[in-house]
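Below, each structure is written out as structure tokens.
Look for chain A in each of the two complexes below; its partner is chain B in the first and chain C in the second.
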Partner chain A sequence: MHGIHLTIVLAPLAAAIVAGLFGRQIGRAGAHWITNLAVGSSFVLSAMVLKHLYLDGGQAENYSLYTWAVSEGLRMEVGFLVDRLTALMMVVVTFVSWMVHIYTIGYMHDDPGYQRFFSYISLFTFAMLMLVMSNNFLQLFFGWEAVGVVSYLLIGFWFKRETAIFANLKAFLVNRVGDFGFILGIAGVVMFTNSLDYATVFASAGSIAAQSVEVLPGIPWNAMTLICILLFIGAMGKSAQAPLHVWLPDSMEGPTPISALIHAATMVTAGIFMVARMSPLFELSETALAVVLTIGAITAFFMGLLGIVQNDIKRVIAYSTLSQLGYMTVALGVSAYSAAIFHLMTHAFFKALLFLGAGSVIIAMHHEQDIRKMGGLRKYMPITYWTAVIGTLALIGFPGTSGFFSKDALIEAVRESHWHGQGAVYWIAYLSVVLGVFVTALYSFRMFFLVFHGEERMDKETKSHLHESPWVVTVPLILLAIPSAIIGWFTIEPVLFGGFFGEAIRVTSEHDVLARIGETFHGSWEFIVHAVTAGPAVYLALAGALTAWFLFLKRPDLPEKWAEKFSGVYNLLDRKYYFDDLYIKGFAAGGRRLGLFLWKSGDELVIDGMMVNGTARSIGRFASVLRRVQTGYLYHYAFAMFFGLTLILAWLLWA
Partner chain B sequence: MDLTTNMLSVLIWLPIFGGIAVVLLGDGRDASSGRAVQMRWLALGISLLTFIMSTGLYYSFDTSTAAMQFVERAPWISAFNVEYYLGVDGISAPLILLTTFITPLVIISSWDTIKSRPAQYFAAFLILEGLMIGVFSALDGVLFYVLWEAMLVPMFLIIGIWGGERRIYATLKFFLYTFLGSVLMLVAFIYLYNKTGNFNFFSFMDVQLSLKEQQLIFIAFLLAFAVKVPMWPVHTWLPDAHVEAPTGGSVVLAAIMLKMGGYGFVRLSLPMLPDGSEYFSGMMIALSLIAVVYIGFVALMQKDMKKLIAYSSIAHMGFVTLGFFLLWSTAGGSGAELGMTGGMVQMISHGLVSGAMFLCVGVLYDRVHSRQIADYGGVANTMPKFAAFMVLFALANAGLPGTSGFVGEFMVIIASFKANFWFAFLAASTLILGAAYTLWMVKRVIYGEVANKNVANLLDLERREFVVLGILALAVLLVGLWPAPLVDMMSVTVQELLKHVSQSKLAGL
Partner chain C sequence: MIFGQFSPAAPEITLLIMICIVLIADLFVEDEKRATTFWLAIASLAVTAWAVLASAPDAHTLLFDGSYVSDALSQVLKLFAIGTVAIGFLYARDYLRQNKLMKGEYYLLGLFGLLGIMIMTSANSMLTMYLGLETLSLSLYALVAFDRNSATSAESAMKYFVLGAIASGTLLYGISWIYGITGSLQFDGIAAAVRNDAINSMPLWFGMAFMIVGIAFKFGAVPFHMWLPDVYQGARTPVTLYIASAPKLAALALILRILVDGLGELHVVWQGMIMVLAVLSLVVGNVVAIAQTNIKRMLGYSAIAHVGFILIAIFTGSQDGYAAALFYTLTYVVMAAGAFGMVILLSRKGFEAENLADFKGLNARSPWFALMMLFFMFGMAGVPPWVGFFAKLNVISAVLNAGFPILALIMVLASVIGAYYYLRVIWYMYFDAAEDRSVFQADIDTRIVLSLNGVAVLVLGIIPGWLLTLCINVIRTVY
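Here is the complex of A and B:
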């Protein structure tokens, strides 16, 4: 299997190098063929790996490829851990990536940076695979930063646009704030275990939890809590959790295919994956889990609200992504790691589908992204429309769709999580995810209705050119729509209740909410029936959709009136809770002012002005005195010599 | 001649005599004369030969011993027991390799950009190369000091003759700062000579010194080395020197000469003055962290690309001194080896990355004759190949894993976490600050619409420039993806050094 693993990783890398360095030689077709072939092969091989591990009962593999460096007994290695968790991620990543590769042939058709784009997305696939397949923290961090860099390059792909290069710098820096915590977390792991290897670290998890550190003198902290919170700060950056979420909406400046691949399906879920992978650590700190739960809940609900007031089709989906990532984080917070990964998987399919659908709409609309200028596209773009129906239903959790299974299981898990029950955290989380269902349905159907139904609000010129996108665009839509619709039905039982992940995810028995839900689970059909008869979620989703229908199709005059009437609330949402203002006018401007102050006052005034040039001036003054002594008159020198000799003689005699 | 016994002498004197030959043979001031062309080929040939010979240093290097290798020893000034004593270990060998690697690249990069007195220019770099290799291999105090000071002369000339408008101010500042610092080092050597009767570094290491003596000698050394590193607050000569230096001068200054300071700490201060070092270690860590954070903010606001990279150098060198002085803050020395190795890897990496960054600025300067960020914008439109290199080196400068810039920082951050959470906290802020100042510059220079006519008329890299940047890019990636050979070269020497440093000299008194 080792050869297969290596091929899966290296094929996209090789393709990226060829397309990137020899783009001119191989031409546009060469670039898309080689990258598609590479990523397609990676997908097929990844599927084989998953089959081997799941259906054929193959063993998980954990091995080192090469030693990066060794110092002080700390082995820093590059290696793979391929278990079912990894294999599932590999399949999701390579599948979505491949779909995006095909789609890009159509979407970027006229772009002069065609080869560069293919090179980047293949490179991204390589980096993401390195991240999920890693068996140690060093390589995890490598993949973590590498996907961040490719994201940086891709958000700024159209580097002439001022907004794009602002967004990519912002994305990188906010991610770096997360990575700042992440690297400290890794350093903490090394401090207590002297190892970077997952298996070794997990084996000594108990001993970490038994120790304490004093970050502030006199206040002992549980070492595990500190490490987990630091690691989670990394996840907050990468998976865009409040308050480090601000980069994701702006990342929509990048071309749509990468919004689907990186900023919806794969990279942003790296944080979720990481925490699930670290379950043996997080399980040992309820404080850290409570932090995870709170952050997730806040993100899930409040970011969803922002989706309601956005008018850019991609930004609506971006806020939806934030909210859904919040859902996954909530699941992590209640130790339902499998549910988080399950939602990660279904979300990857339906959110990539929605983004690619939005891209298809954007092509048809000649790069108009304002949903207020769309409407009635249903009849012009049937394939895009029907796949969007599936994607939207999956997103709101319509019974039977993939999103329904994953989201409903997740909500159930939160409800079952009684071990958080003492605190307010539990109630906040539960309310957030339940009310979030209504919000999700509201913004999803608002967008859906404004784009595909109702009045045709585009200009005549655009309207005359409206047509369905070419097959390279629609085929990926269809291929993504299929799993979005049905995959939940087949996978919920093994993934959540059947011990699919085995040893990869560890949950202590008192935290194991999924096991408790599993006791009453009797198949997918029963699960649907139960949700429809018992849960509020399904009805809240329905209510959200109906509200959207009423407000945006039936009475489209109302939203504007309400926006004026409740302008305080509206502005709060429109300005995104003023986070950007705080960061840009507060932190960024403050940092620049501090830099200017240190430079002008510290370096130039104090150090150079007083110390260096001051010394130089003093020397200069001394020298000018000396110069006066050097008169050139012989008798002056003679006198000086005489005087000096007398002094020396006197000193010698006295001493 | 057996190369392994005379290897170091060859590496020192080949470029020095080569440089002298270039000066003597080269005549005119005219860069286009046939003679000038021959001279630069000769200079390149000598530097390449030196590099090829130095690879022998790598292949014949025994990584299993901390003892000095390639030792050469002969009396020099018998009256004072001064010796011509050379040798390398895992600390100095990588630095010599860095020197021989960078010098040919510098010569190629200055190929036809130096219009006046090209022969003398190339000769200065060759002589400088020999002297720097000498500093890294000298094991005798006088020899070390002579080479250390002699090294200043060619650099002084490079900045003073081929530098920018304010070159006189910059050279004076550079000379006074570094000269004042190193004079005290000589005083310290003479003091130690009075105790031991010779200038041998090993007898300096073995001699018993009281705490007071160690403190005073530490301060004398500190002034010499801190200026070179440079550490906050004696760093302000560096931005000025860089701004006025020609590209090649900046590259050598950043890539190699700054390493002299770090090298001095590990070769002299730490093993000779373990208790003095311990006494001042808290201060050293504090100054290092100030360099990382304070200078990081200052770098953010620079308007001149060379100044920005110069400040970024100071911040990165902060990791070097931080890693070196962690030993006494860690519990039971855990993390000390990691920190020291990290600091040394950081020196090598900084040599590659900062050298590459200065070359990138040089490429732009050769075309537009401006170093101001504001004079650029949208360079990627007209120079895509250059943009790719610049972004790669910028990311390396920001410590991206997979590039050399990450390796040392990672090791030092891990080591400092073992010492104190807040050390690591402040050190790790470089992840944010380093990315902010580097990538903000990239945004303003490389990305965006074509800003003005100069940018619109830019021509992409010539083959010569492409080769130089390409080689550096490969080196940056190689060290980033597989630092093991470099780390293995150092590790036994570092262990031995730590053993030495953790033995107090006060016990015997």
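Here is the complex of A and C:
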């Protein structure tokens, strides 16, 4: 098994190196073959690992491969922890990655950076696998930063576009904020346990929770709360939770395949995965869980609202991603880690599907991304259309689709999370996720109708070239549509209620909302019936879809009128709650001003001018003075010697 | 052994016999065939080196009623001294020939000087030490004045002689105090006497202070350094090379034998004096070197700065420190010989390449030798992985272990200042246009040895382990 684990990780790395460094020698076809083969075999092997662990009842493995350094008892190692949680993530990551690899062959067909792109996405797969397979915090951090680097490179893939450079810098800086919290959290872990190893840290979780620290003097904090919140700040950056969400919509400047892979299906879910992996720690701090819950709820609802006013096809999906990540975070906050991972998985499939579908549309539209200039594409692109239908239904949680199972279970879990009390936190969370369903349906179907139905608003030139995309694009769509449609039906029972994750996820019994739901769970069909008869969620979804139909197909004049009438609200949404303005004009500009000040007066004047050059100048002056002491006269020299002797004798007498 | 009971002193006896042979043979050699003297001198060195190796004692062997000692320290220092004198002779040969200075005196005085050095390294009594010191010093005074027609040489020789005489007198005065108080001239006798608290008092310390002045003069430590830049600059370059290399080994023997062997008990007293001298040397050497335009003079100040390092290593009073001082001195001598070798290489008939500007554009003239000079400069500046880095590192770690972080800081800062003038040479070589494009006139053997010398500075830095171990073992067997 160890060999297989290593192959899964290293195959994409090797392919990335070959495609990246020898891209010119192996050519375009060589680059896509080698990376596809590598990632494809990683997928097959990952599936084998999952099968071994689940169907064959294999044991989870936790081992170190290599000790990098040992410092005062702190071991820094490279090692793997492969349990079912890891295996599930590995399968999702490699599957989506492989689909994107295939899709890229068509999407990037004419791009001059073809080999470079394949190298990056393979490298990303390697980094993401290192992240999920890690058995210690150091390697987790390595993977965490490595996916960040590749994300940075890929957002700015078209580095001649100013907007792309702006976006990748923004993503980088915002992630710095999150990573700062993350590394402080890891530092906290090391401080209290002197270990980076998950197993050791989890084993001593109880003793961490029993201690307190004073970050500000006089205000004691529970150590576990502090560590968990710091770690969660890292997750907020990576998984784009408010208020660190601002980078994700801009990341859409990157090519669409990576929007699907990195900024929807995998990397942005790293934060969710991390918190689930740290469940033994988070379980011990209800305060941290409440923070997680609140942040997730705010993100889920308010980011969804923004999706309604966006006109760029990819940005609509990006806001949808933000909102869905919020849902997953909410699930973490109510200790329904399995539900979060379950939603992560279904979301990976249907969101990758939607993004790749959007990419297919974008190719057909000759890189036009404004949905106001689309419409009626249904008849030109049947495969894209039908797969988009499946993706959209899954996203809004239409009964029977994978998204339905994961989202409905998640909402149920929030409703059951009475241990958070009946106060504000509970109601914010519950209302957010329930109303979020309406919002999700509204923006999803708005986009769907504007793109595929209604009047054809594109220009004649574009219209004459409209056609379905090539097979390398449509095959991944179909392959992703299948799990998007049906995987929930088969997996909800084992993953949520059947103890699939075993020891990988630990929930204390009073927090275990899923167990409570599980008591009334009698199979997938019953679950659907229950949802249709009892819950508001399904009806809210339908209402959202109908509203979208009414506003954007039936009465397309209404939205504009409303936008004028309620210009205050519209502007608030259009300007994304002014977060960008605050960050760019406030923090970024302020930071620049501070930097400029420090540069001019601190660095140039004081350090360079006075200290560095000043020292050099004064030493130079000192040197020329001392040099003159060397007069060349013998009696001066002899005098210096006697002077020195006198000093030494004086020293002896006085000291 | 052929010298019977005197066999521990075989190296000195052999060398003296060889010197006599060369002295007489040289009388019969005509000026055009003066290379014969050179080869005879090299042969003498080879035979002496062999004698050192053959007489290798495992431990401490005393001779001449305890006035002479042969031990691991003297062995190592002698071998290095012979080696540096040999490569110095080789570098000098082409220069002397071109400048019509190819006389037997250079080699003979050089060999006499070496004899002095060897006696000093093996000295076990004040008198033996003084004997060796004077043998060396008198040879050096004569060597500096060796070019009779040069006014600057004569001037610097005069300064050196007068100041050297003062220093000798001071040293001798100190010796007389020590002898008067302890009643012994031998270091072990002195050490034994000093252990008696009644003796360990101000008069003894006064005597020691005078001796320290003599030692500091020999090293060229501030404020007893004034002779050094003038002599380095005024002497012909081969002579400077000689003064700058092997006698430093003798100076190390001088300080180790007197202050550690003899007056080790007074460690607390001399520590402070040595520290002041060392810090002054570090600062003055490095700072004033910046203002120099003459490379020989600049290397002179650089030598003062390096002496600072050696003295600080001694100051720690620990085995680590002594081993670091030994390592530093051995490697410094190799670098200094190479650097002056480069200055000689650039000189030719009627042209003394003594200004920094003469190194301009060396890379265009000879990339290989520019690289060698870069090795020497990086080595002296203490850039890793050149050997100077490890030498400095050892000293600094010894100082830190002894618990003097401020001193370590001063050393590091001084090294940073020092880096400036070494790097300036490199800047000239690589980034300035050559003013002079003449071809080097050195023979092939000189070029090879100079190249080996340069490569050694790098290789010793990459694998410093064996030399370091050697130094530590030597110090451990002796102390």
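Going forward, the second predicted complex is superposed on the first by the 599 of 655 C-alpha atoms of A that agree within 3 Å, B and C clash if a C-alpha of one lies under 4 Å from a C-alpha of the other, contacts with A are read in each partner's own complex, and residues count from 1 in each chain.
The rule is simple: a residue touches a chain if its C-beta (ideal position, glycine included) is under 8 Å from a C-beta of that chain, and two chains touch if they have at least 3 such contacts.
The structure presented is a predicted model; accordingly, all values stated were derived computationally and were not measured.
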Exercise for the section: Give one of first, second, both or neither to describe whether A:643 is in contact with chain B, with chain C, with both, or with none. Expected result: second
Exercise for the section: Kindly classify A:176 by the partners it touches after superposition: chain B alone (first), chain C alone (second), both, or neither? Expected result: first
Exercise for the section: Using the superposition on chain A described above, determine whether A:210 touches chain B (first), chain C (second), both, or neither. Expected result: neither
Handout entry: Touched partner set for A:529, first chain B, second chain C, both or neither
Key = neither
Practice task
Check the contacts made with chain A and report whether chain B or chain C touches more of its residues.
Solution key: B
Problem - chain A residues contacted in one complex by chain B, in the other by chain C - result: 616
Completion exercise
The residues of chain C that touch chain A in their complex are 158-159, 162-163, 166-167, 170, 202, 205-206, 209-210, 212-213, 216-217, 222-224, 226-227, 229-230, 269, 272-273, 276, 284, 287-292, 417, 420
Exercise for the section: Can you check the complex and tell me which residues of chain A touch chain C? Expected result: 616, 619-620, 622-624, 626-627, 630, 632, 634, 636-638, 640-641, 643-645, 647-649, 651-653, 655
Problem - Residues of chain B defined as touching chain A within the complex - result: 173, 176-177, 233, 236-237, 294, 297-302, 334-338, 341-342, 378, 380-381, 391, 395, 400-402, 406-407, 410-411, 413-414, 416-418, 421-422, 424-425, 428-429, 431-432, 435-436, 439-440, 443, 446-449, 481-484, 486-488, 491
Completion exercise
chain A contacts chain B in the complex at 66-72, 74, 138, 141-142, 145-146, 149, 152-153, 156, 159-160, 162, 165-166, 169, 172-173, 176-177, 179-180, 183-184, 186-188, 190-191, 194, 213, 215, 591-592, 594-596, 598-599, 602-603, 607-608, 611-612, 616
